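What follows is a pair of complexes built around subunit A, which joins subunit B in one and subunit C in the other.
What follows is the complex of A and B.
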């Protein structure tokens, strides 16, 4: 039971950050029909920014309790890079889908070396902030408070995002633009501005996810390209463009991975992709997705 | 339904509807082949050794572009079959020294077909972004297999590929460099020529027309009796065969089967080469492979941040010259010949 709760909490923690990453991917695809290959690299950018923010906060003597907030803010701030990136991407909106994909691949190459230029090639770690926050006992198992805080934050962001999309005027505009770009433009929606907003929010979600993971694992150049693989699994299982799907599939993927890691470690990625292929064979549009192609 | 992937107008006309062949393309082809054959006598050995990966990628890309340029299917998992080619060479090396390169090639091709057929059945049900994501997934699946089952595959370090025999000849008295820039170079030139001519035939055949019709309007093609999924699956398998041949050459060239060959960023580089050269032109991917190899080498010797500049080049191509180098050259040539 204890081991089970431990595994469950660890997978939920990873699912929380993975959800933030894929939520960004889903939002961008849902509205703009652009699959962002650079989402993982943006996640890594958030992680590096998180490391720097923690070092800065430590030197300023910020109390430990505020660190989750510092990390979240660092992730959101660095997500502003989405604005210039969208400017670049804008040049390819009228080109075939393949070119948009390639442009985001160009971003992977550029950002990846950009990270290396700024933070160096070695993985960056923070002093152990997560344990400083203490721990609580859940079902007889000791769980780091930080884990619970991140899970809580991810749920709050998911609910907030859902509320924003479903209930607010701006969310309605986003959904309308996703449904039909030309018609909403004819109704007076400023489509370029909407796209910029969507891409920036999407970027912020990815970078925030990266920043939050940093106290428990190092920020490295590899994490960016590696996470893309997991993110794609989540997106395919959940269905492209579906937020609910992303949340569900993120938990599913992380559970599969934890189970595989604790039973057959060789099967880590294989197990995830066997599920991906099975879902695609049975339900090509994913568990919660609409059919796009 | 409007096809969101590839608006038909964006594509060049199929090869067969162009005006009848003139003499000068033949002359150009002979010149290109002559240049390739003269390479080892005229160039610095270093550039001759660069020419082998170029020829390997040229073969990979000829196949890749059948799928992408002619079939409209963007694969982000082309590296999978390149890795299969290299690992087949390594597997034969493990079984015993002095393996014939012809044997390596046949095993690589057969393995590629055996793996590509089931994958083609699954992936060719999809188009557009789904096809891209699915091929990326399969490539990563294979990469993960290579990394984790290290008893068979050597894991992260990969497997060694020995110097093979060519047409039964051993070349034991030569060192690596002499072998690669000598007999192996000419062997690869012949392979590239055969691959090139075979792809010309495929593209100009009725099958090629079926593939292009499926790309431009799959519903209409279906009405006309084209079995769209099967046509696409065949292109997938042909691309896999070309990929494995290129991979076998790469494996012998570096002497190593590296799991990175199956990684998705490597597949991304393959797409990059196709777009750099111009995927709407038959020779575009070959131009792309050549320019990419030279550019990569120059940038690497100049700065350790060469990927950044490669990214900038790719972004500029996508934004400013979507026809790639060959497409832009054709545009300029057409304009100058009109005026």
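What follows is the complex of A and C.
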């Protein structure tokens, strides 16, 4: 039971950060129909910002209990980079999808070089914030409090995002724009501003995910590329554009990975893609996705 | 069809031009250099960015330090030394840069190369170009199989697996009888696979009872290992062997510590010294077997040369060097010794073949001690390792007792099959 709880908590922690990354990807595609290949690099940007924020907070004597908040704020603030990036993407909205993909891939390269320029090529770590926050016992297993905080924050963000999309005027406008851009514009919706809002929120979700994971990991130039592969598996399983799908599939992918690691480690990645292939064959639009003509 | 004919014609022309260029290079390197008054140009190819950037940077710094000293003492054979640097990236691009160094920059020798994948691909091109090429850390092995058995111009680094052999012998020395359940967390490429197999093979050779409770293969540079560590903890190993060497190693140690694994299991990191600065005390336990390759910066028996280098390095870069600096300096000194021996023997400036022939067997002082190049162009050096301690003035772990082994005892002899040798070798246990 103890071992199972440990594996489950680790899976949920990984799923929490993976969800934030894919939620950004889903939101951007759901409303704008843009597949943002740069989401992984934005995740890395958040991680680097998190490292700098922790060092800043330490130098200012910020209590360690506030560090998760500091990291979240750092991730959200650096996510404002979404505003100029969306401005750049506007040039591609009316062009073929391949052009959009190329443009977001160009963003990957530009952002990676930017990260290298600012933080250097060496991976960056924070002091051990995760253990400084102490631990709690869950079903007989000692779990770092930071793990639970991140899982809690991800759930709160998921619920908040759901509430925002379902219950607010702005959320309704976003959904309407996602359904029919032209009709929304005819009804007076400022579509360019909506797109900017969506892309910036999507970016903030990715950067917040990166900032939150860094105390247990390290910020490195490759981390985005590595995660984006898993993120696309989540998107395919959950359904492109579906937030519920992202949440469900992120947990599923992380559980599959953990089970594979425990039983057949050689199948860690293969196991995920067997599920991806199965979903693509049985339900090409994903478990929660809409069928596109 | 017409396009195809033109295309073939153009390819032929390029091939002819390439052949001429290669021949011209071969002639220029086979014949004695005429312009002996010009500085010696050493081309350096090493990574300064990406996953291996931390290693390449240390090598570059050591070479710059060595060249400054050489030039202050009159250079090599009376000629000053100039460095021409290029980045090591993918095999294809690196080969192109190697050719640029040879054909355009007209370097006298090429040194550097860290990635096994790159060096393995580049070695035949270097051999074909007849340019003396001394590798810092690159090999010409595909796994443990030698792909360039009798090179004339290429000199490679020690076998990748010697760090593992030494760390395993240290594990037996310090931990034999104290573990039963073992786990391996290794990079998912040839080195990681061989490292884990080598570790298990030596345990078997010495009849050390053990049960493998977990085997994990990580992508190079992976940074989220929470699921891996949770699975590892669930397996409850007594001993964890990990040949991770990139940014994944400190992440793995940190997450292991956070999961309480460093309190319940012993760790063996055969080449972890590469990441010494990142192995912070706050998450790296004492008593861990840590390999430091061919140099340990705080060796109690360090030579005056090493002490000067480490002091200058720390003064300038505010951090301590790792063993890549030693490998780079070793190559520079080998080249110097080879040129000067050939010069003395021939009385005129030697060509690449003469220098290459002069290098094997020459004793060369490097930071980690004396080193030599074997006739098969694989070096013999001293390797360092030991158990970690927190009793130091740094924020990272150092060694409590520094143990050394000669590669003469822990590296396969020329021409031997690695696995057969491993089975029959008599190690200094």
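We adopt the following convention: the second predicted complex is superposed on the first by the 292 of 293 C-alpha atoms of A that agree within 3 Å, B and C clash if a C-alpha of one lies under 4 Å from a C-alpha of the other, contacts with A are read in each partner's own complex, and residues count from 1 in each chain.
Throughout what follows, contacts are C-beta pairs under 8 Å (C-beta built on N, C-alpha and C of every residue); 3 or more make two chains touch, one makes a residue touch a chain.
Since the model is a prediction, treat every value here as computed from it, not as a measurement.
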*Using the superposition on chain A described above, determine whether A:168 touches subunit B (first), subunit C (second), both, or neither.*
neither
*asked:* Looking at A:277 after the superposition, I want to know if it touches subunit B, subunit C, both of them or none. Which is it: first, second, both, neither?
replied: first
*Who does A:268 touch here: subunit B (first), subunit C (second), both, or neither?*
both
*In the overlay, answer first, second, both or neither for which of subunit B and subunit C A:116 touches.*
both
*Between subunit B (first) and subunit C (second), which, if any, makes contact with A:180: first, second, both or neither?*
neither
*Touching A:228 in the superposition: subunit B (first), subunit C (second), both, neither?*
first
*Check the residue A:144 against both partner chains and state whether it touches subunit B (first), subunit C (second), both, or neither.*
second
*Please work out whether A:125 is in contact with subunit B alone, subunit C alone, both, or neither, and reply first, second, both or neither.*
second
*So which bits of subunit A does subunit B touch that subunit C touches too?*
116, 265-266, 268
*subunit C to subunit A touching residues, read off their complex*: 48-51, 53-54, 214-217, 219, 221-231, 233-236, 247, 250-251, 254-255, 257-260, 278, 280, 282-283
_Contact footprint of subunit C on subunit A as seen in their complex_ = 3-4, 6-7, 9-11, 13-14, 17, 116, 121-123, 125, 127-128, 130-131, 142, 144, 147, 213, 216-223, 226-227, 254, 257-258, 261-262, 265-266, 268
_subunit B residues within the subunit A interface of the complex_ = 4-7, 10, 68, 74, 76, 122, 125-134, 136-138, 140-141, 144-145, 148-149, 263-265, 268, 271-272, 275, 305-308, 310-312, 314-315, 318-319, 322
*What does subunit A use to touch subunit B in their complex?*
33, 35, 37, 88, 91-92, 95-99, 101-103, 105-114, 116-117, 225, 228-229, 232-233, 235-236, 240, 265-270, 273, 276-277, 280-281, 284, 292-293
